[in-house]
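Chains here go by letter, A, B, C and D, matching the order in which they are written, and residues are numbered from 1 within each.
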Amino acid sequence: VPSRTLGPRGHKDNIARPLRKHSELELSMIDPYCTYLLNNDIKAIYVNGTTSEGKSLTLNERKDIVEKWIAVSRGRLKIVVHVGAMNLKESKELTSHAAKTGADAIATLPTLFFKPQNLDALISYCKSIASLAPDLPFYYYHLPVMTGVELNMEDFMKEAKKEIPNLVGIKFSSKDLVDMIGVRYAGKFNIVYGCDEQLLGGLTMGAQGAVGSLHNFMPAVYQRMIGDIEKGDLESARKEQIKGQQLCRLMYRYGNLLGGNVAALKSFMPLVGLDLGPPREPMRPLTETERKQFTKEMNDLGFYDWKPAKL
Amino acid sequence: VPSRTLGPRGHKDNIARPLRKHSELELSMIDPYCTYLLNNDIKAIYVNGTTSEGKSLTLNERKDIVEKWIAVSRGRLKIVVHVGAMNLKESKELTSHAAKTGADAIATLPTLFFKPQNLDALISYCKSIASLAPDLPFYYYHLPVMTGVELNMEDFMKEAKKEIPNLVGIKFSSKDLVDMIGVRYAGKFNIVYGCDEQLLGGLTMGAQGAVGSLHNFMPAVYQRMIGDIEKGDLESARKEQIKGQQLCRLMYRYGNLLGGNVAALKSFMPLVGLDLGPPREPMRPLTETERKQFTKEMNDLGFYDWKPAKL
Amino acid sequence: VPSRTLGPRGHKDNIARPLRKHSELELSMIDPYCTYLLNNDIKAIYVNGTTSEGKSLTLNERKDIVEKWIAVSRGRLKIVVHVGAMNLKESKELTSHAAKTGADAIATLPTLFFKPQNLDALISYCKSIASLAPDLPFYYYHLPVMTGVELNMEDFMKEAKKEIPNLVGIKFSSKDLVDMIGVRYAGKFNIVYGCDEQLLGGLTMGAQGAVGSLHNFMPAVYQRMIGDIEKGDLESARKEQIKGQQLCRLMYRYGNLLGGNVAALKSFMPLVGLDLGPPREPMRPLTETERKQFTKEMNDLGFYDWKPAKL
Amino acid sequence: VPSRTLGPRGHKDNIARPLRKHSELELSMIDPYCTYLLNNDIKAIYVNGTTSEGKSLTLNERKDIVEKWIAVSRGRLKIVVHVGAMNLKESKELTSHAAKTGADAIATLPTLFFKPQNLDALISYCKSIASLAPDLPFYYYHLPVMTGVELNMEDFMKEAKKEIPNLVGIKFSSKDLVDMIGVRYAGKFNIVYGCDEQLLGGLTMGAQGAVGSLHNFMPAVYQRMIGDIEKGDLESARKEQIKGQQLCRLMYRYGNLLGGNVAALKSFMPLVGLDLGPPREPMRPLTETERKQFTKEMNDLGFYDWKPAKL
């Protein structure tokens, strides 16, 4: 989320995510979405990642979304394309497509069924992808709670760098900050942190940027928090962080009900004026009764008093 | 694996799996593979499941394999097509394709990234698939150790049956026999058991058949075991089961080295005369040195003395 | 639970557990409890194990219970004393006390806080205990779901036997029957199985006896099941097993409410005429309202129709 | 570890731990140990906690250690006594003893075998202990990785405070900073953080102090880090934190070999001049060969260049 630099070597653009409407894509919604993100000082987006339900889209849908974002953004947002899939062959196809279409960077999860079980397997897998777009920066997407791949990232980054020259960083979405600071020690990598609910800890422990779900509808909260860190005002930063943490607790509770956190997130977007449609199966949208209860709970938290975003 | 009936209501066909060669499919290998399975009294195959690396294949490759098996088998093997994928849209497409092509049954894993987090989500997901092939028997594929979906199957089957009329059974690949016997209690379901290393326990606790990796290269061991159970000779059955268990320990050890158990399994097949090629990434084949060590360990176990298969 | 032999080499005595009343011990209850167990063909008891809340008792309370059981039983029940504790020093003291007092066998869990992290550590720990009672049979108590010690038992038993001559068997309380049959392969060990809800699978996969909570109040169900296995009538055995499985589901549900399965179990005992008092903290007994609901659910299951025990 | 204040409301004393020698206690070592801690600006000690192997000591040994520390410290160190054990009865006895002997505060883990499974059970358990020393501050010791008790701490602290007036804080030893900042939100609690390898994240996210193993032999590193945070120099703080993180990786590696991290820790102490003897079983000390390798690795890390402590 940082729109400004974070310490001497830090600098990371902000990253958000695309959309879907009903069961089918509604690509035209990308126009107002892009405008909203730019108005909120977001600098980059992470396309076809977790929040954007990239894994619930078909190969062709993923390509359509990448093309649309590149066309709409016209260079105003950096476009990081996530190419992770269930099989390497499709990830390779997505990589070549992204490079040809004009993406700014490539990122990937590990394979999701046959999981890489040791460093060699993960390095070999990443190399197969990264080598198809050798001129683009390559990021590994570390999300152990959903992938089950829990390898040590300090070791991975150090060893992988020897094989993958364009490996520049990691999207680190684990609460384990110990492993994350190990990545700082392992080399000059760009670390973008993905656990919005403890971003303050992530940034102070060495992440240079953020990419996460909550930046979509409360970017101003995180931008103020980053400003507070830069000013050395940790007490104020904690006040902003508590907002993110409380919101995540609400999100997890509704996510459990709806079949996934992303389903809950989709419900937040209309609160900032962007209705990006329902989630895809196996998640479901809120019922009317649930939506009323949800809106009440958001009000009880004081969401609008937080000045979450520029509308 | 049972080629004969198992108790009053039991009866389950045998099920094995397809193949791949090098990095690309070698569909012509399906001919000798089919002959081998028929020679070994296998009654059915489970196409595009775990052992056959279905999740490492593209949509079109999966379709090609289904078509080839149906053509080669000419009704001599029952064809159960696994359609699970990362997103529901592709699973639906695979289901319609399988039904149209002449499959005998449909089976599916849950989605692998956005996991169904409660019974409702899982039922809704299965219903979306099963309803596209209403005239075919539908199986749920329960494989919690790889999917992370650990819902109670007794409750699931009971509730799902109300919504999915063609739900007839479950491929149960968990060591938790408590939950499995609950499925027996929940209704008249066909339970095929997937943990080869404790199939004896699975069958005595109520599974009516088996589908697993080891049946590919040691079908005779399992058929003898089933015969022993039917004769009430549990001590002999245990001797056969120990062979399966010891072989699995070897498989896990090599699987850990090669990035997955399926990679180890691919190494077993040439021992019974079928070279089905290397595994796909992120797994790797044995090196020459490893293959020598592996062959030695198989000999130390006494593999050929077990009379594992008719060649 | 078997009161008769199970196949050629099998033979295992039945094992039940002691009691507590209110917050303080009510040692006099051991007299009617012992009579009840003998009336129900139980052959042995496992003193100060899980169900008997041994870990919630002080060192001296544990000694008192051992002494009382030995005195009351007068050789009619085999007395297996569990000596596991949080620290080895106390376990040693309990071992020497049990040997001196006249116990028939010793058993132990691993330490519960600093857990043995590898085979060597576990072997060394067991050796320190077993060597203090070299003339008594020694059992390892494998209960990974509560201890977190998940080492492979086939390897453990094989290696431990070299160091611990009086290691004769294992109380195996894990659903992983693969590892259990490995123990059968590892040597001539006596395996008593502890997961009542899948005892059928445990016995057919190679356990020679049972020790578990449910034998306390439904011994007849398990004895019939064992008889069915011996007669080769697996279908009837499954019907009895389903009773155990359904009862366990109820127990888990109430256990979750009361802070532990043992708390639920304590509620079952009055149903067969033995009120052994409430559980100790951190568990709690049923409230009056809960007890009514619980009794209703037991009736709905048809508990008394099962002829659970001789009263 | 903070010897100075940390932000407006922060203030936390330093906490270290006692010792054992050979298999038996060597109470006389507490004198030089206390002197060393005072020389290093440590303000408090946590007696009979994890690092001090409190759970491997008998009831009487634990009392002896408490008495000795209070006698030696003569008020110069705050004495926090950990009373957690396997059963509540002994924990109560330890609590009354600590209060009578002159401890400054009480802390407890949950029970380790029958684990509190819901908030009510945990609150009731803590209340039973805290109410025996109503005039002393009471801390809950949250160590989920070893206890398996993973309840939400924000909810626990908020609800527990209603029942336990002397509940003043928490020793938070989990990497989950999200739950920790929730405790800040839940009330005015004193949070001391226990994961040395990410203390920087813990302090910026809201902990007011630290209690951990590494403060024993590299207190100066952590004190410099805290000074850096206060000055707003996060880049320098990270450099100190990386030292702690690298040392923990070494500790885990040796801990795995020796049967526990505490065993590795015992090996570090002679490096700062304090030989506190070997660990207790089930852990073991380094062999001579291992010690040489270990010393080499410590030198490779540059341990002495870090100026870890005043000797």
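Convention: a residue touches a chain if its C-beta (ideal position, glycine included) is under 8 Å from a C-beta of that chain, and two chains touch if they have at least 3 such contacts.
Source: prediction; values computed, not measured.
Taken together, chain A and chain B share no touching chain. Counting the residue numbers used at the interface between chain C and chain D, over half appear in both copies, so the two copies meet with largely the same residues.
Chain centres were defined as the mean of their Cα atoms; on that basis the chain farthest from chain A turns out to be C.
Between chain B and chain D the centroid-to-centroid distance comes to 49 Å (mean Cα coordinates, whole Å).
Taking each chain's centre as the average of its CA atoms, chain B and chain C sit 36 Å apart.
In chain B, no position touches at least two other chains. Chains that are in contact with each other form these pairs: A-B, A-D, B-C, C-D. Within the complex formed with chain A, the residues of chain B that make contact are 50, 53, 55-59, 61, 85-90, 110-118, 120-122, 124-125, 128, 146, 148, 255-257, 259-260, 262, 280-284. Those residues of chain B whose C-beta lies close enough to touch chain C in the complex are 7-8, 154, 175-178, 181-182, 184-185, 195, 197-198, 200-202, 204-206, 229, 232, 234-235, 237-238, 241-242, 245-246, 248-249.
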